[in-house]
């Protein structure tokens, strides 16, 4: 099954889309062990994604994309990530850019700025739809993580463009992606807050160098190496949305992309773990007997508890995603995004740990996927906002703090 | 605000209904401490419920009720139970009867049986709507709990009716309710399974006696005393739905009422606990200072975690309730009902325990509601299906057992 | 069995002592429900304690006491509190005073101060041993809890004594105890820190009034009412240890009494809960059958987990208590005391909650002790140092903070 | 520092021994990453162990060993495993054999059997002490795990020895160890229970073949490949303890070696994880600032909680080990062994998961040890008795089952 990118995403076609993603995911699953072992980009998975027209999933229909809702997107990620968690995670990086652009309303903004915004959007959409190009992001920095208000990478305005200098960590897909959205702060900020802007950088830029240090326990196929940026010139038309200073405001008001983009991926990882566990237990015998272990009631009890937690996690993730569609950027929605990010990120390693315990010795064999799920699962809580940042955010929200104030958040 | 019972429950009026229930709940809250201390029926709460026309919430609109969906009902219970958990719990007992009757489709059943069913439904609906009568249930028995397949209370057919003998425990609202639905098994069953039927018993029946032993830690205002039934004659037209042997099948196929009816109540209790905790912490100072404890980040962190778990619990409860409306009796729906029953029942005492810990010494004072929440909260997991029965059910469901087979369930 | 107070506490006699306390505890158990319901002092339990010579358990042998170690004391409390948690808790208040006095070495302190200290100790020991008098404590204050550095109760030196003014909360045993150790701060402190001193106040002092407000969920028989202190004169020889300003220093350096005194009590409560649960389950049948529920492996699994946690809690409590004997006041010992206080205080309500869940509906009946354990169990974490203060202390300790600095602690 | 093997292990020398092991462990730590990556035997670690005379740690002093107690042994393992968990785990395999032999009292057993036992012990002790030989074990089998009562590997008596046939999994150290203790059952058992005996097999035996399949997530340097045994002749004097049929009885009565041998290793892994976490946090700054993250109170709170659980785990592990020395094989001791095995095995992965969460992104980097701890930590609960078998055992023990009956255990 292949979707053309112009169909309307009715409930019917959301089902088709999910079914398509499930098919792709089953292919990803056959490749995941090797990509994990070698820590290389899941190139064949990306090719499948491109062939299926999924690069434009978030792009508005009138721009040639699928115009998916955030809930649909979350379900798509859930499917794709069951087979390839690193694939889903990096595909999300692409969609953070596409999604933010899709949500940026440019109507009614006239003049030069309006034109610059429109030109940028159209260029980006065209590159994605027609050029099958993928976008990555370069935000994290040493000692800062993804806390934008403390960014050390700087830019200055020069004739015809900007000069960027800095050092970025954890740039997922680096080496494979076509464009890199680089966050930087103005060298001489005009107001109180650092003026964060974003720029599109390409790898053939002489000011850009990949530092290959990626060697991690989990999510290995994201290949998140470092990027060194030295006197890197970027022309005016590669300023993100044609506008300086959009950064912090957007992130504090509408954090669903940079934070909530992950929730589908880790939900998918949870589901893959749970399904593997159930299948394994169904085949496992009570030692020294022909009776299935699933007839033991303590096994049913334990699996039951995990199923309850998975169901609650999914309900929360879907609810949070639906709230993005219904009431984007509201305090309730933002709290829900942080809550769901925390819950799914911490349930994933807990579930994987318990699944190995239930499956027994073979659960740690590299010939089976469970040990990879265990390694991948621990990564979610480290991605921004980290699990503990999410808790602090959720707690402040419940306690009545005003989280539109940047000093109350973790940015 | 008062609702007439004939308005259509559009999204707009669901909001009105919830708002009404919130108002009522605030009244309930002012009375709850006294009802708890005295362990008496929350009579004034019941009067408010009657005045608001809520007795007919589940009754079809063409029969004069509100025809609420299960999701709306769950939200109503959530509201009512915030102020009066025992009130909500007993009101649920009434709605179990009303709800099961409402769902019983009698169209197309002709003949004597169809007439008997219709007559019974119409009588019950009329008693509720016009007579403002409340229904209670008498299921549990010593050594059996609510495991219907092992019921010891028996009935035998006699001229013009039935003779019932037995002993029932935990009959909530006993002494206040107007009608009691009593489960009994045929003395000479015809098939393999005990033939469970239900009968409407009234307290002025000379064969019925209340045994007053109710003295518990929590949910005290449910006044769930015992019922002794000796040679109790019930006329033919008080056989539930005019039909013998409906019991087990209905309960295993569509357990949402007897199990899922509680989820709104305990969700409301969780919300009341959380809200009280937040309000208390907002006023509490760091000992020996004027600074609020909510400025301490470990407090935010802990409250944040509880808020995440509450949000996940609510999302699951709402999802399960919506599934009842969408796909009643399906394996997925039944599993969701059991999962949500487990999650909300066990989160309630965990939350209350943590809330007291955070609020400090005054958290155990009887002048404040928190200690009552703690006591009430522990009761949910004991009601059928118990927390552990829910886990076994959920586990079997996930592991592929066929739960339509009675031997795989806990009945 | 009755111990004379002069025997040497060899390993053999520790066993005898524990056996004696077990006997007493079984008597306490028969009275606990009534004391709980009425919220009155467990007077008969106190009489048993006095008759057994236990008032002097901590007093040195050469002063007529038993000279028990802190580990032995903890085990004694564990026994006594199984039958009467409120009894153990208030008996601990007495021993806080006796224990601190016993540990106060006065040898080598000459002059007036040395004499005053010795006189005070001898007076107190004689009152306890010969007079069978009990000591209580009055520390907590509104908005402060037991944070001594912020005490509002003051004292000033006058001719022949001191004048105290203040307001104390949670004075356990008030009305029954003979002497009350009242913490107060000097009105004009001489240094940076408030100079906290302690005084012995009696109830027939015209400046002292009991405010009867005690009405709580748990530990009801501690009868911890408030004490109003107005222009209360205390003679010089009732200054604690004859010395001003001992307070904060002692508490930060050697917090085992005011914090660690509780650990035996709550361990006993845990054991009582566990034992009740096991006995209940051994008798409980699978609903509708004659088979014991303990044959179900999920029950074994759950009980096994609770037994592991109880065993770990006990091992930690005993280890912490032994460290007090081996290395009193060391950073390691103080950390262990806080760790054990946290663990046992939070395990108690968790265990009680789970025990009710496993025991089922009768677990909330007031005719059985389990519901009382549940209510009592939630109180431990609220007593100083609260569970969260313990965690912060333990965390700082692990992270290398210097907890002899008062600003790093919670005092 | 090097210990001669003949010194008496007084309290003083236990300290020396622990200090020595700490030194060795620091060396192991520098090699662990490479052994893990390559999944090769930690040969240099073994050489250090041999040079320090530790091979004979469990062998009685009169046989040239150290005669360590089980508690001392557990502390030694705790130290060694902090630097090299796989090293500790395989060294434990050696000591299971040495320890069981050391505990086998042969005095008073006369005749041929007594002589055979003595000869075997002396041979094994001499090989270890004088020959620096290491013993491994081959117990687990496909579909059976280490459940001895269902063993499929068989032996039959032939002239001058025995012929063994079977297939063993998870033979740690295979290829490096000198001798392999192989469990097998008599082909024609004489009584009801299978007659399990143990034999010493060497790798140069033509009937033995190593199947190299070891590729796991954790404990990689244990190199636990499979062993194929075909028509393998073992002479009479390589029958373990010169006696057939010792197996099941010994294991059910005194399971501390095969189960409790692991507890020191996993406690060490916990300690290494905790220490790494603390050191990492002490250096970590709040993002974008120069302030240490350990000044945030939520970090103290979380670390405090983990420190409490670690302290409780250690207290339980030490207590269980001490009970082996005090009361070997008693029901209480066996329960404590199972409880401690469960607690330490499940705390290890929980702690490692939380430590990574607190340490942040670098926690998953292979250049740091934390991710290895996370992978290794998940293995403990899979080793016999598995975490869930331990729970069932502990539960049955608490509920009053007689665990000397083989049908009540998991063997």
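Order of writing sets the labels: A, B, C and D. Residues in every chain begin at 1.
Basically, a contact is a pair of C-beta atoms (placed from the backbone, for glycine too) under 8 Å apart; a residue touches a chain by one contact, two chains touch by 3 or more.
Just so it is clear, the structure is predicted and the values come from calculations on it, not from any experiment.
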Between B-D and A-D, the pair with more C-beta contacts: A-D
Chain separated most widely from subunit A, comparing mean CA positions: C
CA centroid of subunit B to CA centroid of subunit D, Å: 52
Chain centre separation in whole Å, for subunit D relative to subunit A (CA means): 42
Sites on subunit D at which at least two other chains make contact: 297-298, 300-302, 388, 391-392
Chain contact topology (line, ring, star, complete or other): complete
Subunit B contact footprint on subunit A (complex, rising order): 274, 278, 281-282, 294, 297, 299-305, 307-309, 311-313, 315-316, 318-319, 335-336, 339-340, 342-343, 388, 390-401
Parts of subunit C lying in touch with subunit A, wherever the complex brings them together: 296-298, 300-302
Complex interface listing, subunit B residues touching subunit C: 140, 143-145, 147, 149-150, 169-170, 215-219, 285, 287-289, 298, 302, 346, 349-350, 353, 356-358, 360-361, 363-367, 371, 374-375, 378-379, 381-382, 386-388, 391-392, 410
